[in-house]
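Two complexes follow with chain A in common, the first pairing it with chain B and the second with chain C.
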Partner chain A sequence: MFGGVFGGGSQKPVQSAPMGGMPGMGQGQGQMDPNAQLAAAEQEMEMVTDMFARLGELCNKKCILQRYSDEDLTKAESVCIDRCVAKYFQVNREVSDKLAKLSQVNQ
Partner chain B sequence: MYNNYGPSYQEQRLQQMMEQKQLKDFMRMYSNLVSRCFDDCVSDFTSNKLGDKELTCVTRCTLKNMKMNERVGQRFAEENAKLMEEQAKLGN
Partner chain C sequence: MSNPFTRMPSQDERAAATKVTDSCAFKAGFSGIAGYGIGLMFGLVLSGIEFSSPVDTTASTKQQIKTVIKDMGNKSLSSAKNFAIMAAIYSGSECMIESYRAKNDIYNSIGAGCITGGTLAAKTGPRGMAAGCAGFAAFSAGIDWYMHKDD
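And then the complex of A and B:
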């Protein structure tokens, strides 16, 4: 369940920690005033939950055959999900790297 | 406004925000689940009651999607932790 990402259940909590993958994020937050800090934390939370929702939707579409012959995940589906999440994050890294390079070139 | 309060107040506010977010996301997940299982399982309108096949399908659909969500959440947390480690290394 989504709730696991922010703590609860057996998942590792990802609480108020900066979400990587965006150039320049999660650095130097100690310098900001508390108001801005709170706003930034909220922004990051929004990003993480949005990413999770998209990821969930896409991997579901790509990995779950809608026949529902069984209530458990098949081995194939489980493996597919693991790989799907891993690749999504790789795409995330690639895109943010390329964007960072582009913005450097423009400066 | 927040300048007068210590870091524990901020943590409280953050905690509140996270809880609200979790609730909102749970509601959204529930709605999506209903939509998806209806879409995938129901197409026979010769009756206004769900047939046995449809009921079974809906049960399986719900359980399977919940399990999938859970697994995605686990993998997501792992990958995100990895990513943050990398970011932290770059930042130092």
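And then the complex of A and C:
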């Protein structure tokens, strides 16, 4: 709860970066031809870039103070960034789980 | 010959060192040590100002000097201990409040000041604790406002 008593405030390892925006994709991947594989890789790269940009902007807006008295992040900002990233990924994971469930129900 | 004292620290080493020095426990301990040092000097000055117990005037001059110096030392050490405890409690509680709230404003100082003042006045009952909390909180809020006035 206190997050920083014994050495917090730095990056936690990302537990499982979810690529879960596409519920119908993981079904026949071993048999795709190289063109499709390339397209899939490009799309995944785009998704990662987009996620990174969104995450950066969101956590920057929410966590970084507008008062720049020092170039280092304060403890509050480091803790806030940790929590922001963890929450973003958790939200991503839960939304993709719900989407997957919905698409399964619809099938 | 490359050992930790002569080579440049690697990125991992620097990250680990930053993680340690940014932790609340380290900050509290470091403030305690710094408070001890400041308290030593403050106690020395204070013992010069305030009137100590009467010295035995029948003893020789050297004996009198020794007694006075020993008294100054005792006062200095006790003042140092009080300062160290106060600084450690203040710094540790401010760090914990800031980690919990994830915000960096003046309320961290006010909360930490209240906790410190209340803890130091614990022997005088609830009213004394409330007064200590209010007083120390106001003091630390004033200092914090002054330090960040021009940011």
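Quick note on the criterion: the second predicted complex is superposed on the first by the 80 of 107 C-alpha atoms of A that agree within 3 Å, B and C clash if a C-alpha of one lies under 4 Å from a C-alpha of the other, contacts with A are read in each partner's own complex, and residues count from 1 in each chain.
As a working rule, a residue touches a chain if its C-beta (ideal position, glycine included) is under 8 Å from a C-beta of that chain, and two chains touch if they have at least 3 such contacts.
Computed from a predicted structure; not experimentally measured.
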For this session: Applying the touch criterion given at the start, work out whether A:66 contacts chain B, chain C, both or neither, answering first, second, both or neither.
Result: first
Problem set entry | Most chain A residues touched (candidates chain B, chain C) | B
For this session: Quick one: classify A:75 as touching chain B (first), chain C (second), both or neither.
Result: second
For this session: Once the structures are superposed on A, label A:41 by its partner contacts, choosing first (chain B), second (chain C), both or neither.
Result: first
For this session: Using the superposition on chain A described above, determine whether A:55 touches chain B (first), chain C (second), both, or neither.
Result: first
Exercise. Thinking of the overlay built on chain A, is A:91 touched by chain B (first), by chain C (second), by both, or by neither?
Worked result: neither
Problem set entry | Residues of chain A contacting chain B in one complex and chain C in the other | 1-6, 9-10, 63, 69, 77-78
Seminar exercise, completed: The residues of chain B that touch chain A in their complex are 1-3, 5, 10-11, 13-14, 17-18, 21-22, 25-26, 28-29, 40-41, 57, 59-61, 63-84, 86-88, 91
Exercise. Considering the complex alone, what residue numbers of chain A touch chain C?
Worked result: 1-10, 63, 65, 67, 69, 74-80, 83
Problem set entry | chain B-facing residues of chain A, complex | 1-6, 9-21, 25-27, 33-35, 37-38, 41-42, 45, 48-49, 52-53, 55-56, 59-60, 63-64, 66, 68-73, 77-78, 81-82, 85-86, 88-89, 92-93
Problem set entry | Residue ranges of chain C in contact with chain A within the complex | 15, 18-20, 22-26, 95-96, 98-104, 108, 148, 151
